[in-house]
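Could you have a look at this structure, given as structure tokens, before my questions?
First chain written, first letter: the chains are A, B and C, and each begins at residue 1.
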Amino acid sequence: MNTVGLVAFALVGATKAIREEFDLFGVAVVGLATAFAGGVTRDILVGRVPLALRSADEITLGLLGVGLALGVSALLANADEHPIAQVSDAVGLAAFATAGAIVAVETGVSGFGVVAIATINAVGGGAVADVLLNRSPFVLLEDVYASCAVLGGAAYWLAVTAGTTGSAAAAACAAVTVGTRLAAVSRGWSLPTAQALGLARKRVDDTR
Amino acid sequence: MNTVGLVAFALVGATKAIREEFDLFGVAVVGLATAFAGGVTRDILVGRVPLALRSADEITLGLLGVGLALGVSALLANADEHPIAQVSDAVGLAAFATAGAIVAVETGVSGFGVVAIATINAVGGGAVADVLLNRSPFVLLEDVYASCAVLGGAAYWLAVTAGTTGSAAAAACAAVTVGTRLAAVSRGWSLPTAQALGLARKRVDDTR
Amino acid sequence: MNTVGLVAFALVGATKAIREEFDLFGVAVVGLATAFAGGVTRDILVGRVPLALRSADEITLGLLGVGLALGVSALLANADEHPIAQVSDAVGLAAFATAGAIVAVETGVSGFGVVAIATINAVGGGAVADVLLNRSPFVLLEDVYASCAVLGGAAYWLAVTAGTTGSAAAAACAAVTVGTRLAAVSRGWSLPTAQALGLARKRVDDTR
């Protein structure tokens, strides 16, 4: 799962950078940042030297995703919106949320800390990529995406607290994350804004 | 003071995200980032696992601020500009600058390091929130805000160097920060630009 | 070399902030961030308390660069594009790439880790400055800049792996970085985009 996730995230990030006409170095950086920034942030938060800087295998997978993005962009205009890319992305989201939850529980943080680290590991890469592309991070603006990792992280923490084995908790986290994400994509779920709930007035000026 | 600061910072951040019509998850993330990003950055700089991930109490206060923002936005258009929010924000600025200065002196950094960590702890949350909202950080553009934390951090370091007790130094830091901030708000102080000092030519093209 | 680099990077960053009409505090922050964010990120990645917070000398050099930017902006419109600033910037790029590679090898990361930390140390400051100025990081968009640090970091790692002394490896890293950078500036080298290589279609709408 982690393998699929690294390749898929690097592919999605690199495709965005290609569309913005970044040069090849920029494409590689945005692709690798999408694949690794979440895990690197997790390792920094728990005080480890990041795995991505220690393991050569991880980087090879990220570069494979960047290469795929370059190859596929010649054929498809929006490789990151292809169903295979979307399913791979959901699998990656689940894999990274689970990896984050496992490391967080090992470090001994609070329940909120487990959910926060699982979520940051899962969506941090996409958020950093969007900052590099000078956009507001899409995970804050659109769809049900980060929320799936929040639910997965909460599932992991509940399972561990209930006394299950680590691998059962990991399976629960992955299943909840990938299941809610695929359901959200196929059914077009979205979270409401405060305006939609009547909690705030809509902006009158839409011309900013 | 720390309690007031966490609630006030989360309120201010969440209110900005509501105004930008982020979904509820995004509102919570921007609110919590405003409240905690400064302290998390401080803990990363000195090599600790962030307190916000270890303590459940802190998160509860942050979520309270987010909830307040949602409740108040139904009634007021600009809850973050209400005098109560502004005074609370100044108290939070002072509390966070003091917390940063204390941790910095414990870690044994240089005088500049004490001022830098106090300032980052105080304004880092607002800066991260602005990056998430895809703006230039307001602390770099406007008013006398971060400068108050700089003065407070310097006061702490001077007091400690002069041999006072830690609590006297903390009181000096908090008093200087909150005092200069409230004075700046009520009197409309602002720092000059290089252009205003005649050190650089004004831009001719205002049409960017 | 490190001295030249700190002053040059602070000068370049502060000059950009002056042009955007930031106030004096903002100018100092962007200048210091340009000089120190790369090294601070390196120290965070390898788990050290950042050198910039421990050493008073380093900060003095950064503030000197900010002061120079203010002084020179009164005389020159684009101090950061002056040949002396450009050569100093190339020397700084080489000095910071070398410092990063040395720390990375001491920490015992992979070959990719050495290249990544050398590059982050060299270009991280400019990237953070651009995020503060609300731009897409120029190192991702323009010219042959970060690529020189990549080549320098690779040269260091190859030299160390081949069994040379640390100082010979450092000389190789610095020579490769500064040499490729100055050649790129004087000859106007640039990396191709995927579109230029025929790997992706050009955007039809150029009106964004």
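The rule is simple: a contact is a pair of C-beta atoms (placed from the backbone, for glycine too) under 8 Å apart; a residue touches a chain by one contact, two chains touch by 3 or more.
Everything numeric here is computed off the predicted structure, so don't read it as measured data.
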{"item": "Pairwise touch network: line, ring, star, complete, or other", "value": "complete"}
{"item": "Superposing rotation of chain A relative to chain B, computed on C-alpha atoms, to nearest 5°", "value": "120"}
{"item": "Separation of mean Cα positions, chain C and chain B [Å, integer]", "value": "28"}
{"item": "In chain A, residues with contacts to at least two other chains", "value": "44, 47, 131, 134"}
{"item": "Of all residues in chain C, those that touch chain A in their complex", "value": "44-47, 104, 107, 109-113, 116-117, 131, 134-137, 139-142, 146-147, 150, 190-195, 197-203"}
{"item": "Interfacial residue positions of chain A with respect to chain C in the complex", "value": "17-19, 21-27, 29-30, 40, 44, 47-50, 52-56, 59, 70-71, 73-74, 77, 131-134"}
